[in-house]
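For reference, the structure is listed below as structure tokens.
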Amino acid sequence: MSETATLPATAVPAQAQRRRRVRPSALARIGLIALLAVLPLYIDVGLLTIGLFAMAAVVAAIGLTILVGAAGQLSLAHAFFLAVGAYGYAYFAGSAGVAGASSATGLGLDPLLAAVLAVLVAGFVGLLFSPIASRLRGIYLGVASLSLVFIGEFLYENVRSVTGGFNGRAAPPFSLFGWEFTDANTLVVAGVPFGRFEKLWELFLIVLVLSYLFANNVLRGRMGRAMQTMRDSEVAAAVMGVDVRRTKAGVFVLSSMYAGLGGVMVALAFGRLTPSYFSLALSIGFLAAIVVGGLGSVGGAAVGAFFVTAGPLLITRYSSSLPFISASGSGGYDGGKAAALLYGLAVVLVVLFEPGGLAGLGQRLTGRRTARVLAPAPLTGSSKPEESS
Amino acid sequence: MTATATTPVTAADVPPLVLRDVTVAFAGLTALDAVSFTVEPGTVHALIGPNGAGKSTAFNVVSGIYRCGAGSVRFGDHDLTSLRPHRIARLGVARAFQNIALSKGQTVVENLMLGRHGLTRAGFVRSGLRLPSATREGVRHGARVREIAAFVGLGDKLDRPAGLLSYGDQKRVEVARALACEPRLLLLDEPVAGMNADEKARMAGLIAQVRKELGISILLVEHDMGLVMGISDRVTVLDFGRCIAEGTPAEVQTDPEVVKAYLGTGEEP
Amino acid sequence: MTDFLNYLVNGISLGGTYALIALGFVVVFKATEVVNFAHGSLLVLGGYVIARLAGDVPFVVAVLLGCLVAAVGAVLVERLYSWRLRDSNVNALAILTIGIDILLITELTRRFGPDILPTGDPWGNAVVDLGIAKIAQARLVGIGVTAVLLVAFFVAFKYSSWGIAMRAGAEDGEAAALMGVRRGRVTMTAWAVAGVLAAVAAVFLCAFPTPGIDASVRQTALRAFPAAILGGLDSTAGAVVGGLAIGIAEAMTGGYGVRLAGGNLNDVVPYLVMLVVLLVRPSGLLGTRELTRV
């Protein structure tokens, strides 16, 4: 905002002025979060569900953009780690003989504990894969990681006690210190009943904001610099003292945990898990999301994941009023296919014309530094005056 | 941990770097054949030779990127031969690359902060949660990095993306990043290659200053004979992977083997 | 013993088909450093053309046209990236092919709809008794055609000016340029070869006892990726070794009904084999080892 410049200069010391200039974007972000927080008061359950899926996807996509965008390690295994988180939650929190008559069992743990454990297990499985993840260069990892998707598909169908097999299993609702996120104890907020979806929405929004901040902090910090240099040149990173293998393994674990968290959110939003959801197409969708958003940009990943996830659902929902879109199964372009074509095209166009993705485009339009696709802010939080020259 | 005092480092204990009978072969081709030399503490030691003589290979062996088939590399009490590169870096061996290997999208400060990687601790959790220890560490090392930038004359370009700097400045960022590791041995790979006379003079001045004020050892690969003869204490000459001469610049310049290697059959474009 | 030989012969047939796919993948990588994730979709494209033409034109003509379309498709991909991205990093190129893969497979899935189309091959469900083993006629032909194609490929790779340029180019792009090798033509040929091999592979991947072709064949084709990786992404011989290894492993585990946790292991055996190999040799069985250590 340029108003700050016209303020009486005497009233604002140079340093404060400098700080104030960063404010507008921060204000805009807080405004956006506030807007999202009150949205459940205005939109119907259908849109709320779409929003929940989108938020789950955003969290998972943030993890992938750290791995692929910042560290340069291509992975197609993201869907697998989502599944680990989702089934993990359902298994830890579920109880044996729950409705649905599937063969799935569970440990009946507290949902919050179950969610935390599920994320940790996703990280642990990522760690198990790290002897491979840490020694392969980005592109080899891309193909090797395919294996996890297919091995995963095999496991979802066959480890029935955890997954319920082909027909899937139910995921128990969340509860926080005994307070259930269900329609059973509906609150009324501003005249609007707050049931399961509304409550989950607020919970997801908090998780999303925290995930976003954590990722941004990591990328701006010591490990973020290390992984970005590693992406540009492994040799340079190693010679500067970065343990490349360990860093690769660490990034892979972090990314797996983000995926696991996204998976827990999917389980909560969906309430039911089926193997077909965690297919290769899901992994590819995430890759498309972070590429379109701008590789390595946490904000870009959020926007990209929103489009890739919500896009097909929105197109399907409004298909009757959209041109060229036909009903599912009629042989034309149904919502899913139309959206897939759109994001496939978006990926191709972004790679060809705007490698910085939406984030790069945004930076260009707002006139920020152009040479940086990845834009960690200056290093120290304290805007210490420079002592030199 | 190396102190981050406000004065330039004065390397208390700079050990010698000793290469003994180092041999490296790739697919039958011998890149280094029983090469031995010693970089004495606090000296500038130049490694010269025609293209393909094995100078870069020697650098890669010292920094741990290539494993040598036979022989050993010792840095004081430490045997570097089987260590991975980051371990070697953390022992105080830093390197500035010939073909600039900066992260072009990151700022000068961020590039220099990478040099502090081995001296700092903040991992994923600490920086992700912005724990006070991580923030303090960042501030402290940020200050030191700014001093180093000022020392090499980049004080006014700290927040510029490295990729947007002039060639000469990028080469200086390379050197500054290596210095940010607080090295006891600095490896400089063709620091003035491709520079104009002005930039060359500045770089030569910087190298002399590093040696004088920091007191660390410098191992230098360079084609520019004017620079080599001007600033080196000792010179080792490689040809076809073999050490053919060693001595002071004056001795080496008159060595018949060296003259032959440079003017005779060994010369390549 | 009879079982074993049966499974072995079937494994060789399947492995040969994987080898064709993996070889195309490797050739493209060697020529252009592109990991072509659209390779599976190009295979489906070739197969789709063949199946659509079945009945209208003689089978051989259909196959030739299928090969042509797959080759043209592959060359278009090559043109697209070399137009804008000649010096981009490998990840960007791989992601571009993922984008193309999304487009191709979505459109092909729509065109197939719920149908499984026969490829119109003349071998039907005939089974040949070799004395030591019984094998579907289509598979036997598959082994023969694969052998011929592989021999032709390696002869071309060794002696043709394209093959020499390919090998020179892979080793030293600059030297190849000095030799007057035209990179564009070499890389276009590499992609075209990959397309042709994929289309041929589509025929045998979908022949009896498989009922025919639909878009899900891409999933099967993807099993050739581990073949390429385990052989070594930059090794043509490795692609053949990897293809055969995976084909035989799959036929054996399938044949003997090896089960894990109640499921048939043969579905995932290619991936398990790849992971085990990568643990021991990160650049594959015959791939070039990294000189540098980090």
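A few notes on this one:
Read from first to last, the chains carry the letters A, B and C; within each, the first residue is number 1.
As a convention for this text, contacts are C-beta pairs under 8 Å (C-beta built on N, C-alpha and C of every residue); 3 or more make two chains touch, one makes a residue touch a chain.
Every value quoted in this text rests on a predicted model; they were computed, and no experiment measured them.
Geometrically, the chain at the heart of the complex, using CA-atom means, is A.
Farthest from chain C in terms of Cα centroid separation is B. With each centre defined as the average position of its C-alpha atoms, the distance from chain B to chain C rounds to 46 Å. In terms of their C-alpha centroids, the spacing between chain A and chain C amounts to 33 Å. Distance from the chain A centre to the chain B centre is 41 Å, each centre being the mean of its Cα atoms.
Contact with two or more other chains is made by residues 235, 237-238, 244 of chain A.
Multi-chain contact residues of chain B, defined as those touching 2 or more other chains: 64-65, 84-86.
Chain C has residues 292, 294 in contact with two or more other chains. Chain A makes touch with chain C in their complex at residues 68, 72, 74, 131-132, 135-136, 138-140, 142-144, 146-148, 150-151, 154-155, 157-160, 234-235, 237-238, 244-245, 280, 284, 287-288, 291, 331-333, 337, 340-341, 343-348, 351-353, 355.
On the side of chain C, the complex with chain B involves touching residues 291-294.
Remark: chain A residues 214-215, 217-218, 220-226, 228-229, 232-233, 235-244, 250, 254, 369, 371-374, 376, 378-382, 384, 386-389 touch chain B in the complex.
Listed in rising order, the residues of chain B touching chain C in the complex are 26, 60, 64-67, 84-86. The touching residues of chain C, when paired with chain A in their complex, are 35, 37, 80, 83-85, 88-92, 94-96, 98-103, 106-107, 109-110, 113, 219, 222, 225-226, 228-229, 233, 260-263, 267-268, 271-272, 274-275, 278-279, 282-283, 292, 294.
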